């Protein structure tokens, strides 16, 4: 199996007020293609920072980060943008969607930036929206959808161009239990169907049950890393 | 009250760049307005003074109808006595009698039809610039001598100089043939083409002889101490006049002058109006946004018990502060700019030629005055307040719970 | 620029996201654009009228005189070419119009009064197209040929002289030997002119009658030429120069009436300055609007950057938004201007300030004139300056770091 993500001894420090916060403290981790990983830590534990580092959004102060076989910690901003465009799908906690675009347009957005021709885009976006269970809502704007529906659109957008890696940061934070469950079911299904690597940062206990691998972090370090079987 | 002031002030600076940009619009407009208005009105003042002081004075006593028809027979009888009497009653020396006739002036080589004025040498200099603008030779002193002064252009057209003689031909008051030979004693350059080309002056006594005026004339010219004193002087003159004569103000004598100024003011104020409106829109935009983005916050505050009316006043207070800053900075900048030009003078390419048409110098020194400095910015300030009324008013319709639901 | 459709769609929709603000800005831009064009149309109309009135009495785009005439405009300084010679040189040169005439200062005397006038001995047929007198509007009749024996004076002059059509007047001037030259004429017509001073100053007689009265054979004092555009007289000037030598002096109208010539240049400058001033007044609001729009969108910008959009695209999006806003505003403003100027083109009556207008050299009817060039210029100024003004907010927007932007609360 190929390594999707590899971090070697990465460090990241933030300044907050007059304090130095060590968000990542000599952290190393390997994630194989097709894995379904949950990063857990209390607030400020560093999971978001790690996710951002893996996604090429935030370069660590030191150490190496490899994504899809490329070393990204020394890339330029432009190269990182290209990397994100081609290889990574993001699902954020909130503000995932561009409010002035419809669901379909949001899904097509990344493909447009990639330069995919219009009819192909259209085909793919409709297909993926159906797959996530939003058939019929393609032309609605985010404001016209529920929280759960919005997150589904975000997921659809994240996977439509078949990225290597999907990174989700607290995807269930604003959802009720039922919707959370539905979302996680969706993740699982996509992971199994399309062999996409999922890395999910969360401190929601409900999410943990779906993970095949649990990585606990504290103060920028990994304190626990176990395989488990999904419930 | 103090806390509300502090709150309003701080609210302004939450988005410093936005506030500064809005103030910037005000300062820009105000500076422009102050400068333009000072410049304009300085120019008007100059125009009026310059034009009137050349020849026409602030007011003239004439026979009724003379202003429009300019007929020889519309006379002011005993014109020198009248002038004397007015000098006494008004207590000023800036009163002079004149007579006028159309005639043909011939030199050795050329002839031209011109207007010939008979003037009182001792007093004409008090009401007109022309005696002081003699370039060649001198003005006359005696009131009976057969002497004449003409403009530079006329001298050139007649191909004459000081010392040459001119033959004057015309009609006398009684319709009979009038002729005389006069000696040119001086040549003047008034700067006004019409005057330099068409007008000659000779002593009133000699004039009255040549044209059989029998002691009559056509005008008594009066110059008030300043333009502002003119209305008062007008009253006195009107009271002192005998039957059958009228006194005309300068705007009746030179209607073009006042109208030109009016037309200029209208077009200028159209432009100023547009500027003020654009600034008002700027303020409207800013305050509207400022209010809308605080919807949540206002909702909270209202839930805690503050009435929408007070919130509205808060917004108006913020606007007033912003407006005052714009007013003061803009007025100061405008005044400084004007002051700089009042010392160094303002001239733009083409101005000299255009100015000559209106008796203006090619370089203008605008004057700073409180009124001219405050007027434009005051209007901008007013419209600024007006612009904020809509956003402030909208607050009245705010419901706390709805408001707080806004993110 | 394959990103253009996406960016345009985003730009347009974001514009309308906050429709109140956009509407306020649009109103401001429309009013600004309208004011630019409207004011310019008024000014152009006035200046055009002034110039054509001024040229009509000068007259001519290009003039030909004896070299000494301009300093000493008397009968001794005539053009030393006879009418026949002029005809042979200029008849086929392709001028819009041309004519030779006699212009001298003279005294006109009626039974009651005398006045100084400028006497013009003309060929009315040749001058019909460019004369400031509308032949059809003359009370009585205008001159019919160069051999006409009547005189046509201004209505105002007739009043002053207390004369009328059918009565006789005497015209008196000088011949080249300095002798008095005078003759009686019957008044055959009274003309009206835009400018009252013209009515008081000019008197027309037939060219041949003038030549006979002044004993100058078949010579004249000036030759005038018209091209198609008073703003560009070079072609006409070249044509005239080609046919003459140093024995005559050829001048363009801008050299003869420097006031008008300067006025044109000053007006052009004034128009441009007015445009820039308006734009500057708008620019504060424009930049503010963009800054606010970007500020509200920080998270979404961060999102787009996170998803892999290049910063240049963000820049482009903001600039597109600004240009769209300006374009729509300009469109509305242009339309408003056209709608307000068109009905007024038949003339605005400002006779209440007629004499003031005469001081400027303008008449009491204002004919606003919409020039496409001005409309284009005003739009270009707004778009170009608007582009420049939006660079700063757009640049800042593109500089956002996705991580910071996304996490902004």
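In order of appearance the chains are A, B and C, and numbering begins at 1 in each one.
As a working rule, a residue touches a chain if its C-beta (ideal position, glycine included) is under 8 Å from a C-beta of that chain, and two chains touch if they have at least 3 such contacts.
On a predicted model such as this, the values are computed, not experimentally measured, just so you know.
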Centre-most chain, if every chain is reduced to its averaged C-alpha atoms: C
Longest centre-to-centre distance from chain C, chain (CA-based): A
Geometric centre distance via CA averages, chain C-chain B, whole Å: 26
Whole-Å separation of chain centres (CA-atom averages), chain A against chain B: 74
Centroid spacing, where centroids are CA-atom means, of chain A and chain C in whole angstrom: 67
Interface residues, chain C side, partner chain A - complex: 2-3, 5-6, 9-10, 13-14, 17, 299-300, 303-311, 313, 402-403, 406
List of chain A residues in touch with chain C within their complex: 52, 55, 57-58, 77-78, 81-86, 88, 90, 92, 95-96, 98-101, 105, 109-110, 112-115
Residues on chain B engaged by chain C in the complex (per definition of touch): 15, 17-18, 21-22, 24-25, 28-29, 32, 69-72, 102-104, 108-114, 156-157, 159, 170-171, 198, 255-263, 267, 270-271, 274-275, 277-279, 281-282, 284-286, 288-289, 292-293, 348-351, 353-354, 356-358
Chain B-touching residues of chain C, taken from the complex the two chains share: 20-21, 24-25, 27-28, 31-32, 35, 39, 42, 71-74, 105-107, 112-117, 160, 172-174, 178, 180, 258-259, 262-263, 265-266, 269, 274, 277-278, 280-282, 284-285, 287-289, 291-292, 295-296, 350, 352-361
